[in-house]
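Here's the structure, in structure tokens; my notes come after.
Note that the chains take the letters A, B, C and D in the order they are written out, and that residue 1 is the start of every chain.
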Amino acid sequence: MKRVSVVGASGYTGGELLRLLVTHPQVELVQATSRSHLGEYLYQVHPNLRKRTTLKFSDPETLEPVDVLFLALPHGQAQQRIDALAATAPTIIDLSADFRLHDPADYARWYGAAHAAPAWLDKFVYGLPELHRDELRTAHYASGVGCNATAANLALLPAVQAGLLDAGKPIVVEIKVGSSEGGAEGNPGTHHPERSGVIRTFSPFGHRHTGEVIQELGLADVSLTMTSVDLVRGALATAHAAVKPGVTTKDLWKAYREVAAANPFVRLVKEARGIYRVPEPKVLAGSNYADVGFDLDEINGHLVSICAIDNLMKGASGSAVQCMNLMLGFEETLGLEFSGLHPI
Amino acid sequence: MKRVSVVGASGYTGGELLRLLVTHPQVELVQATSRSHLGEYLYQVHPNLRKRTTLKFSDPETLEPVDVLFLALPHGQAQQRIDALAATAPTIIDLSADFRLHDPADYARWYGAAHAAPAWLDKFVYGLPELHRDELRTAHYASGVGCNATAANLALLPAVQAGLLDAGKPIVVEIKVGSSEGGAEGNPGTHHPERSGVIRTFSPFGHRHTGEVIQELGLADVSLTMTSVDLVRGALATAHAAVKPGVTTKDLWKAYREVAAANPFVRLVKEARGIYRVPEPKVLAGSNYADVGFDLDEINGHLVSICAIDNLMKGASGSAVQCMNLMLGFEETLGLEFSGLHPI
Amino acid sequence: MKRVSVVGASGYTGGELLRLLVTHPQVELVQATSRSHLGEYLYQVHPNLRKRTTLKFSDPETLEPVDVLFLALPHGQAQQRIDALAATAPTIIDLSADFRLHDPADYARWYGAAHAAPAWLDKFVYGLPELHRDELRTAHYASGVGCNATAANLALLPAVQAGLLDAGKPIVVEIKVGSSEGGAEGNPGTHHPERSGVIRTFSPFGHRHTGEVIQELGLADVSLTMTSVDLVRGALATAHAAVKPGVTTKDLWKAYREVAAANPFVRLVKEARGIYRVPEPKVLAGSNYADVGFDLDEINGHLVSICAIDNLMKGASGSAVQCMNLMLGFEETLGLEFSGLHPI
Amino acid sequence: MKRVSVVGASGYTGGELLRLLVTHPQVELVQATSRSHLGEYLYQVHPNLRKRTTLKFSDPETLEPVDVLFLALPHGQAQQRIDALAATAPTIIDLSADFRLHDPADYARWYGAAHAAPAWLDKFVYGLPELHRDELRTAHYASGVGCNATAANLALLPAVQAGLLDAGKPIVVEIKVGSSEGGAEGNPGTHHPERSGVIRTFSPFGHRHTGEVIQELGLADVSLTMTSVDLVRGALATAHAAVKPGVTTKDLWKAYREVAAANPFVRLVKEARGIYRVPEPKVLAGSNYADVGFDLDEINGHLVSICAIDNLMKGASGSAVQCMNLMLGFEETLGLEFSGLHPI
């Protein structure tokens, strides 16, 4: 049994980590910290943990040494304290955006400020196992992933890896997201009467996660357009790209099948009948799957590639636990077996 | 044209008043006040008013004299300022809870504090036209109504007026409500990820609106149980009462039909087929109708009576404008013609 | 008072027409036909009409002569009977897809079958007043509009009219839609447990409404991508296009402002603060507005233009009544004054 | 490893069984039958099973012998074929209503027809472990439970077991339910535009599950009132009863605590602060917990007792697997460890 703690555990990614760690057969949850809920039972904030743990939120200033430390702090905080945090655990997985980009200039471009610990940027492996599985097996530090970046990256990964895209053409990724993406802190726009039933294109381009897509897929001209819809968990990326001349639907089938075969949490969804013919986040709540699909307009080479995820799982805490499994030498899928629900 | 102003117009009942007044053929909207949105266009807070009015929120301290003043302030404020407010208009309709109960002792019981202007309590007519139509025609001061009280009162009104209830038996009114009932100010429980998809019985008994049901229907033993569900607008009251021995379904049909015939905004819904057999708030969004229905278990005399309303319309601003129409001698339904939507 | 009838009035566009016509001050509703609900009261199918009309559904084979006939039949039926239908009224407005495209070859391309009455195609004016206001004033026959086509057309109209688009670059319009778009007939995929909470990209390209965008805007390379989300009423089009070199945000402001100024039901929504900064269908339920907005990435000329509508109003029945107003010489906005609700 | 099959596996309770059995560590899923989806992969109907099983739906006429047979057929079918079905497995768990009531007269009363196999009624143990744990350990036949009956039974169980209720007073249980309760077959009222956003009291009293509450709790005068709300999974029972004179809140605390302590899947939820103070089905999706709570109006002895469940889990398939665990001598919670999600 490995000892693990979660720093910043009262938010949604922190809570999802707690859920996964409490039932993980090879780890023991030692501490879960929260300043704002200090002393409360974990289940008072995360009611799904009632009867699962009697742990209380502890003070982030009194961290015990553990084998693995998960950081689920608001963006910008981990980089301020990374040296102190690293002293408490040999393995760190940071779910914030602080250590996802390797180049300090990229960080400054997308986050509008200089990085506080640029020397650490290269020590972190980008925590998407579908892209960095082998590196993760020997890594001590892994970053989390941006949920929207993950939906975009996995939508495009098969075509990129197979070299089928016309990289000179612009790529537009339209991402529709649920409300949990905004985190546990409310604002006037998340008040239920205002947020319910919306289709709200809140970011036409320039979303910070774009930097992760550019870095990880090596693409130059990519835009992410973000639209909020009425759902709590889930993100769907619909990517529009151009394929190289001569690329056929058959080529794409092969590329997508290979990626699904090589990755336990990637599934190809492309059915000719039934209700569930395309990837949909609805059936993924709580699961770590990324469902991918595509369609090619062979007349003009317009590829529409789709990826559905649970933003709190494959887009955050699920990928983080998957990274932990690889970093500790466990089975990659351990503790991530929940299949999702139908109907829900 | 009568000149009207709304004090406290940035909240949900205030906004609904603005919508109704802007399109009312016999009134001119003079001022809409808001401290927190002072100087903003009304349509920046209430986006449905874009291209309908270029008015801006004004300062509540600079009220112009008008014919009618609507008060949509948070509970407790109108009673503090009622003398000053009454100086600006001969007719006042207060949508808060401040002037609904006539007896200061009742106010203290349900609101937990002494009333600040007890001498005013008897000057206000309780603003439900279905109960006080004639008084309203000559009144200068009308209170608004509690939305839950209105659903309960109109569910029970036909059986009470016809003398069919066994008043010695307890009455339980189960009310299911949408999120707009809580008002425009958010709190942690109204954050969309926490509020979406709930069935949350937040008040088992003791709800403040109970006082209005007791006062208006003359009932002794009534409980209101409140449950939040996933909807923005709408309230459904399901009332459980016992009828007197010998009362039949036919007696109830007669009683409910009479109330529906006597009131332009009450409809009896009791169909044997189709999708919409019973009263439902879903089809009432934006309309001023109260749909009522009932079923009697003739074996044990258990009456289940149902009333559906839009809590912001019949349960608040719609009834207030209906009161204004009566008080100013207009057609009772003027400006309240919107029928609701199907589907929605 | 003009006499009007609706053929095919039990569906959603038919029902919405009924709602508008029942309250329209210059028309009298004579007949509403339905084979499947023959003899039922209109309000048994459309519960919002209770207490508004005591009309029953009549037989489509027994049409009385009227001034205006609205056709809300399933696609393909109006073209079969157009001669007979035209004998009953001098003015016809057909809401189906039968008479939207002028070229029989276009019809065959998008609908996969030869048109049954090709001689009639040129007699119909495409019923979007924002594009054909003057023609409609003298027209006897108007088609309805495709809801998705309307969202796409109005999103792009300002930039197209001002000549700002680089027409050589492909245009992708991502449209998110509510469930009422699929009509009143259910199928396994519209069963609530399966349809609730979806983000389902059901058509990556090739949607039939594309033909209307090509015809009306004169664009060559346009794709519509359709995604269902959890909402009943509403459609949001997010259009991605490239502007000509040198086009600035200021140029676009001018173009969008001009279109909003010239059209009573078009509003420009582009706010720097508040909750409602961009066009959203949520606030448009029941209203005839099309809210438009845009953002330009000045670095690469990527224009994101947005249009929100209520698919049953501006995208169908609202535009049809607006056409009727123009064709009969009424005020263009008559009977279409409902502002939408906030919150909802 | 025990061999198990599911008869009637394309519906919602069947699908939920499949999900649980596919991941249960001590059983092997042998067959899943469906006439309507014969030959299709299970994951084409239940998309959460993709990559979890490559089994196809098989013919119910070709059942292999197994250790445990689950029946998830429409009500009325199991009783027609029980002898043949019993020949294929020594242990049967029937999730339909066919074997829940022990007295043929009760069956006839609530289901309106004579039972086809009355001799079998007494062989089945009512499958709610919280009521019949010890009997189930030695049983060969267990019935499933009605979802609404389960919510009502567990809401009232603590007060009934402790003898705190005034059994002479009527009990009203208001139950709010999600759309999955109606099963996988759609009808006009489950079409998303009609079902979305409803608060629809579809059954004022007389619901069939009432018979299970009367039988299991020994109560005489109980009514169940059913209201549909906008949610897919989940049921909340709010029970209104009278306590015996002198019963205090402290007595009830003791009674509810004892039941929660004695049953691994019952949790007492009664918090003074935080968002989640009372039982809510929202946080139970996919979990087997029944969350219970209560409030007592000490002035008049009005007890409001609440129970939240996932209707497909504790209200159907989860309790059935819990029964299986007891009947086969496994740990009671095996395969039922999923904690539910927050937020969702």
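Quick note on the criterion: a contact is a pair of C-beta atoms (placed from the backbone, for glycine too) under 8 Å apart; a residue touches a chain by one contact, two chains touch by 3 or more.
Computed from a predicted structure; not experimentally measured.
Asker: Using each chain's Cα centroid, which is most distant from the centroid of subunit C?
Answerer: It is D whose centre lies farthest from that of subunit C.
Asker: Between A-C and B-C, which chain pair is linked by the larger number of C-beta contacts?
Answerer: The comparison resolves to A-C.
Asker: Nearest whole angstrom, what separates the Cα centre of subunit B from the Cα centre of subunit C?
Answerer: 35
Asker: Counting only Cα atoms for the centres, state how far subunit A is from subunit B in Å.
Answerer: The computed centroid separation for subunit A versus subunit B comes out at 45 Å.
Asker: When the centre of a chain is set as the mean of its C-alpha atoms, what distance in Å lies between subunit A and subunit C?
Answerer: Taking the average C-alpha coordinate of subunit A and of subunit C, the gap between them is 38 Å.
Asker: For subunit A, give me the residues that contact two or more of the other chains.
Answerer: In subunit A, the residues touching two or more other chains are 12, 180, 184, 188, 193, 196-197, 230, 232, 280, 343-344.
Asker: Mind listing the subunit A positions that touch subunit D in their complex?
Answerer: Result: residues 12, 15-16, 19, 22-23, 40, 44-52, 180, 184, 232-233, 264, 267, 269, 271, 273-274, 276, 280, 283, 285-287, 289, 291, 337-344 of subunit A touch subunit D.
Asker: Residue numbers of subunit D touching subunit B in their complex, please.
Answerer: 170, 172, 174, 176, 188-189, 193-194, 196-202, 204-206, 221, 223, 225, 227, 229-231, 234, 236, 238, 240, 275, 278, 280-282, 295, 297, 300, 302, 304, 306, 308, 343-344
Asker: So in the complex, the part of subunit B that touches subunit A is made up of which residues?
Answerer: Those in contact with subunit A are residues 12, 178-180, 184-188, 190-193, 195-197, 230, 232.
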